[in-house]
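Following are the structures in question.
Look at the two complexes coming up: chain A is in both, with chain B in one and chain C in the other.
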Partner chain A sequence: MTALVKALRWAWITACAVFITAPLLIVLVASVSTDHVLTGWPSGFTLEWIRTALSYEPFQVGFLYSIEVAALATVIALALGVPAAYAIARLDLPGTGLLRSIFVAPLSLPRVVTGFSFFVLYVSLMPTAYGTVGGVALAHVLLLLPFVISVVGSGLAGLDPQLEAAARDLGATPWRAFRQVTLPQIRLSLVIAAVFGFLTSFDEVDTSVFLMPAGTTTLPVAIFLRLEQNQDPTTSAVSSLMIAGSLLLAGLTAVALRRSGLFGTGRNEQKEQA
Partner chain B sequence: MTASASSIEISGVTRRFGAATVLHGISLTIAANSFHCLLGPSGCGKTTLMHLLAGLDVPDEGTIVIGGTEHTRTPAHRRPTNLVFQSGALFPHMSVRDNVAFGLRSDGLKGPALRTRVDESLELVAMGEFAGRMPATLSGGQRQRIAIARALVKRPDVLLLDEPLSALDLALQLHMRRELKRWQQETGTTFVCVTHNQAEAMEIADEISVMRAGTIEQTGSAQELYAAPETRFVAGFIGENNIFTGPGPVIDGITFPTPAADGQVLTLRPEHLRLVEAGSDDSRGGVRVDTVGFTGRTIRAGLRTGTGRELLAELPAGTPLTPGAEVGLAFDAGHVYAVPS
Partner chain C sequence: MRSRRLATVLVAPGTAYLILVFVSIVALLFSYSARSERTAALVAPVDWATWQNVLTDAYTWQVLTTTVLLGLVVSVLTVLVAYPLAWCVHTMRRPWQATTMLFVIFSPILVSVVVRTYGWAMLLRENGPFGSLFDGWLYHQPGVIVALVHVELPFAVFPILAAIRSVPPELGRAAADLGAGPLRRFLRVQLPLTMPGVLSGIQLVFALTISAFATPALLGGGRVTVLAQTIYQSIQQLQWPTAAAQAVLLLILALLVLTLFTGLARLVSGGRAAR
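== the complex of A and B ==
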């Protein structure tokens, strides 16, 4: 490989990295800058905006509300998605191709449309669901399910179906075979589906905005509503906190996975064998 | 470690997958305490039959009786059988000990009793020192030993083995054949083994059922199948054979003592052929030596008749042979077997 090709490759990678991180960096800088509107190099450093964001009540309420919605949506999406992925992967059902298409269909639906559909549903048939944690979470489940089914499905696809047959042959009931043999081997897929499902729900605006009254909203919707009225860097500050929180959660997950040996097991095994 | 053995009676078992019939009314009795092999080429239905015996599948017709009790529709976890999968199917996230203990835990066994049984089983397959290892750190042969220990620890009436040696290299296969035979004798369990390897079946089995296209062609000991095959397929599949098709008594330039009856072919084992001087009194026809291969104990000679037919002869080591030589073919009349074509 010539030096030029090498240099071009590095330039390309750097350009992509800058493209991905630049918006995040600008938000981070704006949230600690003394300028009301960042138009150039920041004129000073302050934690004022972060303090304001942390003490702003709609953000505080929204944060807890978002946690509740995301947790509930993730649990329901896993409870529905794992058996569905298992059925598609294992059972010899007619029309599994069609089922798979149906399960990923919500991905192609604009989220605004999803939100509006649920709004119509709640207003006309289930008025008590509007504005509740359960109502918002249920709409989020629709967004998370395709993701859960794809991730868990690909985890299951990599498994030897004979392992479960062996467990049953050794006297395990189908449930015990699934719980003790299959489930532990798709832990990685489950953790990834749960973490990213949680983050997707936590960050969701487009669908959620239809399903909550202005007083009680999730954190991203609260940010959206505040931004409509006030463009001061408090919004940047809370965004920075969300970025940091998301990165922290993803990082902690990666560390936990590495510690539990779910990543890089191949290398450990080779070492043991040697 | 002993187990109560049981005979298996399979009656009129048919299995269809969609439009394809994989097993056509199979009937077979397997004696208690015996080592039985289901032998046949891939696609003959032997693995399907094994899954029906294990309870991982249900026949469309027919019955399966194990130890005097009908088990046709009993699910796998309630049968007195255990299956060793071709891949071993060890649980990769469990240690060797936990793998072997899995079945006993399903039965509710705990504590010292569980430990003793697991140790006993690991000792039987000489894997006691590997109890703490993870399956990924074991070699193919070791994994297969653990798979067998995991199945035998349950003391099943019948141990089913699905191509247990096919993933191993030849040297290990030869060693494991003797081990399998020894474990069967030590435990007194009925072993039913699926294989496509006729040499393996002949070495380990008390009785072999040769399967072809969803039917059993013949059941018998290795000696019976070898000496008196009842069909052309068995004659060709068990050991090597020269098969002569035609009315006779002269087929491909070779003169046979008696002609083949209608619907029959004549068979001659390679070791029953002798080479004599062309045109001598003993010669039953002239052949040309095509190839000569030394195997250690014997010489394998590829021969060609005047009509271009290829034959195989297995001759004593030291027989002087040159490729291209024209020789006479000789054999005893008693070694010619007529089988249905």
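== the complex of A and C ==
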């Protein structure tokens, strides 16, 4: 009985691992395979598709566009979200429950509806914002805010408010007490919120596709529009670059956090989020 | 008192942004769906012709049915995959194994949905790496369903794993001491205690699936059309009022699902407290 359970367990874990990784692996393999259409194990390997993808102009433009949008959206979302999360968690504020639900409400909004609404908003009120970095980023802020609020909020919830109060009693200004006592303790949450927010915005399609003309688009939208027409190795190449980039960024963040010793102190914090 | 003023200053910008966005979304969606001509004017004469067309069109109801059915099938399948998977991860003895598996499960979230969908297009292609095994899946329902289960899986594992972790292991042992077999222990102890996690998994996956756009658009092959796609199609055909009406329908559907599951969750936890 236990042997059977054990075998079933490993079979399920293996099956799930294959299911989860297969669509990513095939993109990676196809991008360096000499075959135009992958029908099995590739007959040879080449970097030609990667080179073509790197020099393909819509992808170059799209990459820069996506980086700019993601950076701006992350900065705005943190600037709006972190103070709000702090006030909700720490300060004497009426209606905290209502505020919290307002800040996570965008999660229930279908992204396509968000995209369409911002499209209509821009064409009727601010025609100049359509297709600009600022216009797209402002829409992405709506998707990132719930995430910033809940990650930073749960980071703050794991802390002892008395520490900051003690700093205040010792004569520190509120800003100094926050910067020197609380900020170092929520660094992990801030980094996670920033990295995840950046990637969410960088990868976004459902909202973005409404906010830009087909000529100049962010990278994932460029891939989407190309895939609507046809599939070719260049698309595989740019896709596998995106996979590598995302995982590299996440990996580097994890390493950097471990180096700085934040993971050690951040354990409880992480568990609470889970 | 000073602290309250500071708090207001800190919360105000974010709240102002959100309220402004919500109000304009609702106002614009209704204003645009209640006009019949495509104009970018902020206000136009109210005309219910668009709504009449959308609601009497059989296509709308067909798309709505597809959307809801797809949501049901995908959320049930995803939870059926996610529950045993979460249990396997929870019962892993060595920490590094659990960490590796969690990385495998959650890292696809970091990769764009477009890229993951493209991977499925390549896997399911006729004469693809699996030969004719998946013939007829791509550009039909099964392909869309498999890819959506893949995309939403982490969102189901997350709450279910949290629920399984919160069950004290002593409960299972106590039930075993009292003579309950494995199946009985699972059905009478484990499952009821983790039901809130299962429900929030289903809710999350259902909500994400009914609003999914890129995956059905790329893998549906024009045969599987969901509400989110029709909004995009209407915009491309320059039928803004129709798109607005369809967006309102999707929004109402999303809110209905939210209300339904909130009620259901209350029922489950309330029922447990009363027992």
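Going forward, the second predicted complex is superposed on the first by the 256 of 274 C-alpha atoms of A that agree within 3 Å, B and C clash if a C-alpha of one lies under 4 Å from a C-alpha of the other, contacts with A are read in each partner's own complex, and residues count from 1 in each chain.
Basically, a residue touches a chain if its C-beta (ideal position, glycine included) is under 8 Å from a C-beta of that chain, and two chains touch if they have at least 3 such contacts.
These numbers were taken from a predicted model, which means no experiment stands behind them.
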item	value
Fit-or-clash call for chain B and chain C when the two complexes are aligned on chain A	fit
Partner chain(s) touched by A:Ala167 [first = chain B, second = chain C, both, neither]	first
Touching partner for A:Ala256 - first (chain B), second (chain C), both, neither	neither
Partner chain in contact with A:Pro106 - chain B first, chain C second, else both or neither	second
First, second, both or neither for A:Val181, with chain B first and chain C second	first
Chain B or chain C, by number of chain A residues touched	C
Which superposed partner A:Ser239 touches (first chain B, second chain C, both, neither)	second
Chain B versus chain C as contact partner of A:Asp203, first or second or both or neither	second
Nearest Cα pair across chain B and chain C, whole Å	9
Contact residues common to both interfaces of chain A (with chain B and with chain C)	none
Of all residues in chain A, those that touch chain B in their complex	160, 162-163, 165-173, 176, 180-181, 184-185, 265, 269, 272-273
Of all residues in chain B, those that touch chain A in their complex	54-56, 75-77, 81-83, 85, 87, 89, 91-93, 102-103, 106-107, 133-134, 136-137, 150-151, 154
Chain A residues within the chain C interface of the complex	9, 12-13, 16-17, 19-27, 30, 37-40, 79-81, 83-84, 86-88, 91-93, 99, 102-103, 105-106, 108-114, 116-117, 119-121, 123-125, 127, 141-142, 145, 174, 196, 199, 202-203, 205-206, 209-210, 220, 223-224, 227-228, 231, 235-236, 239, 242-243, 246-247, 249-250, 274
Interfacial residue positions of chain C with respect to chain A in the complex	3-4, 6-8, 10-11, 13-15, 17-19, 21-22, 24-25, 28-29, 32, 40-42, 81, 84-85, 88, 91, 101, 104-105, 107-108, 110-123, 125, 127-129, 147, 150, 153, 158, 161-162, 165, 207, 210-214, 217-218, 228, 231-232, 235, 240, 243-244, 247, 250-251, 254-255, 258
